[in-house]
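Report on one structure; see the data block that follows.
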């Protein structure tokens, strides 16, 4: 479904990524791992169009999206979450859901302004209810993000990404900063999303979180791909162990 | 579907009508017309500043562009006033689009300075291109608005025209505030990268909003020109741009009523303090500073918070 | 050739104002829209001390600068420090508000009329190839250069200067290393105000002082800072002088009314083409 | 009972309003860049109103002065003019101070049926002539003529002009170019400067390279003082100024560089240097004595404009009473009135009534105005 081929990225003189290639199969849950500074988030930014690579190509559903702007990438069916959440602080969670809706449907400005779309408002409202419930955040829907626990916001962000009906969902460190119970809940949500037929690619540190979810793992270090395969293959890979030694427990 | 709130518009219409009927004094009508124009401009800026997050310290330029397009077409070429409005709108829209294309890629201080610089350049052009604009001594002989046999040369008639337009615009803005578009803009204001990754073309949207508000501001400029019949660059200087920022901020950024409240309060300052004008700018600066420092959301924001607490 | 001499005079003033912007930008990352008002303040203070109280210039000059420095410190404490939500829009607006207030206070203290400071020394014109330059202008250029040099030493060598630079690189890290970040921010406003005021003192006998002078000179100083590259010390100096020369040269080849537009065209062009400025370092783009 | 009383009070107050007083509006730029013009005008008007009321008013009507500060801003002027005409319901207005503001309210005077006696210089205020609009200062065209005649008498033929980019400068520039043609003076360089400019060296060095016999600077406010300074630095001699700087404030600003400057001015600033036989001397000395005695500051030509404006109003009102049409006719029929600016002879087509005789060339020597030789 997603084909990344020989991607290289430079920031000034620094090599952030060098000739990285991997593929993501439709319907799978895949993970991008690696120590800090390995280039995982940069890879995400390349796929979603925030960073343009100096070489290589990104293909999504056989369409080249290498040079596409972020909003075009989204339109082709890729949603993402952010490491630092990006939830609009001055609106309630429920109102924040509209970001997913507006991005997906691009409702006509005129129709909306002249209130010719009552039916549409009603359907989207029901839809929002469904997805808030799906992520288990309906109790907080009228709160502003500042008064909502971090774990709930993480779940909420999933709901917002899913409501936009993507084909591929990119999750940037979904489990970071969560306690065990919250991780469990999130993993459950991720499985439900995957069961709905949405392909998932995530960047994650937490190997345990990955072990229970990911079917396919790509490991980066210093901007290069050092290994790929199933979780078990990666777990025993010498290069991966070496990369993680002294950095984090693998 | 969010409910629209017809009360502010209705109340405004009622007050305006009452003022129009009871006040026979042309002077106060004139003040009211000018304040309405300030309110519209401040509201336009509020859409940029409070909704979309575009810092523009050059709105006076678009106001002036509208006033001069209408003024010159009417005074020099004898056009019917009504025909000059679309030209003013389109003129400012196109200029804003061209200027916005590079400028809106900037953020924060850079954006503020770029719009300010643009405003200054337009101001200098108004002064220097005296063969078109009449230069610093101003442009005289601007005609009156006249259509379908209605004549708006007198202040009373103009006041009625202005009130109708004003209430209409407020109503449209209320619709906007309760539409998807207002969410779209607030998303862009809050996080461009998030909006981008949810499929919103932020640059294009900002550009259109910027250009549209410029066009709207230019139409206000035309209304101004046909009201005072004399325009000179002084009215479109940086000072006015900053006054608009003050009005929008004091009134409340991100609230439709903000611009109106700010314009009424600050617009009345010169009237109330006619004898102590020295303190006018002091009041402007003081209110602005206090609002920024201690009253985020301005007056409209505070009011809405109070209302929510009561409910 | 004449434009070279008058351009240098104006340019060294712009350079000093641009340095003021830089000092604040480098420590706090914000643009102080009230920077120009300190130039006006410098002029007004020297008028009060030198022309009204009749102090000798050698005492009045430092006294004016120190007074401005104190005003700068208070400025930060009152306006910047008290802003609750330190967003870009709020900080821009509060410095604009502060500039209105400073201007208005100046108007109430010194009146709306233009005031003359008088001359710091007997004026003489000196013949140079292709034009003349007055000894006043030479003093402006020379003292301006001295101030820039002293400032350079201050930032490079002194404890405060190094603390200021550390803060710009990483506020948190600087804090961890025992640098009092708040103190540094306050100091930077003080120093910037002092430099601005020094510029105001220098130029006052040539241009007179009016309460609303600050706006224009502030904007032009900013144009110079952008031209040279915001944040770069010698970039600001070069930008200031370049802008002075450009303005002065432009007045000789086109209708002089357009002279003021030069600075703003420069702002726009640089922001479009090379936002880092002619001599600035490329800034890392953050997503 | 209360109602009857109230009605009576109203009637009474109306009666006194109609019988016993005449409201005169005043729009002066008391503050702002043109404050040194407007401030003495305001003081003069107040002084004259107090004098006339002490003497029993005009035809027994007390004069009530309603004055607003325009700050030299056109928009304010328009607003205040409307306020004077509709809210304060004044009979006539004297002022505004500056050309720009006067032009801004020119059309309004007719619209609101309120006569206007402007204190601003430009000839465009009264050309084309408007039934309701008059002005007291000498026109810039007369000033230009005076300068050119003086130049010719000294054998100078080539002039360079440097004019301000404001209402005064722009109309002055037109008058200079027009006047030069008539007088056979060649204009070799034509430069401009901004109201708030701080350095005119570039323009002046351009002028210098055209090697004119004389440089004429047209502006008001602090900018001409900077021109004088820069010109001195550059070694430009024979600098002429406009009548717009005929005040001690300018001499103060320009300091030593004002020495030797020549400008056309009304006789007022050199009143005590005039020969005793001069027909204007009595009126000038009287005004000078009153003003300087009362306010303890030197008299300026601008205060004189307000003096003339008020005197014209007084003369016409004496003849006409409260009838506006008669008042306008009387004003337009003013003859042989010796004011501070010169002798006014108004006609239907000349609402200024002065000629270039109203000007004499003066020179600044040692910080004082002297009659130029």
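The first chain written gets the first letter, and so on, giving A, B, C and D; residue counts start at 1 in each chain.
Operating definition for what follows: a contact is a pair of C-beta atoms (placed from the backbone, for glycine too) under 8 Å apart; a residue touches a chain by one contact, two chains touch by 3 or more.
All values reported here derive from a predicted model rather than from experimental measurement.
Colleague: When the mean CA coordinate of each chain is compared with the mean CA coordinate of the whole protein, which chain is closest?
Modeller: Smallest centre-to-centre distance to the global C-alpha mean: chain B.
Colleague: Among the chains here, which has the CA centroid at the largest distance from chain D's centroid?
Modeller: When every chain centre is compared against chain D, the largest gap points to A.
Colleague: Go ahead and note the Å separation of the Cα centroids belonging to chain A and chain D.
Modeller: The answer is 75 Å.
Colleague: Using mean CA coordinates as chain centres, what's the gap between chain A and chain C in Å?
Modeller: Those two chain centres are 47 Å apart.
Colleague: Based only on mean CA positions, could you tell me how far chain A sits from chain B in angstrom?
Modeller: 41
Colleague: Could you list which residues of chain A touch at least two other chains?
Modeller: 50
Colleague: Would you please write down the residue numbers of chain C that are in contact with two or more other chains?
Modeller: 255, 257, 260, 287
Colleague: Could you say which residues in chain D touch two or more other chains, in rising order?
Modeller: Expected reply: 31, 165.
Colleague: Report the residues of chain B in contact with chain A in the complex, numbered from low to high.
Modeller: That would be residues 1, 4, 172, 175-176, 178-181, 183-184, 186-187, 190-191, 193-202, 254 of chain B.
Colleague: Which residues of chain D touch chain B in the complex?
Modeller: Residues in contact with chain B: 31, 68-69, 71, 73-76, 78-79, 82-83, 86-87, 99-100, 103-104, 106-107, 124, 165-167, 169-171, 195.
Colleague: With touch defined as at the start, can you tell me which chain C residues reach chain B in the complex?
Modeller: 30-31, 79, 82-85, 88-90, 92-94, 96-101, 103-105, 107-108, 215, 219, 222-223, 226, 255, 257-258, 260-261, 263-265, 267-268, 271-272, 275, 287
Colleague: Contact residues on chain B for chain D in the complex?
Modeller: Per the stated touch rule, the residues are 25-28, 30-31, 34, 127-128, 130, 135-138, 140-141, 228-230, 232, 234-235, 270, 274, 277-278.
Colleague: Which residues, counting only chain C, touch chain D once they are in their complex?
Modeller: Counting only chain C, the residues touching chain D are 2-3, 5-6, 9-10, 112-114, 116, 118-119, 123, 125, 131-134, 203, 206-208, 210, 213, 216, 248-249, 251-252, 255-257, 259-260.
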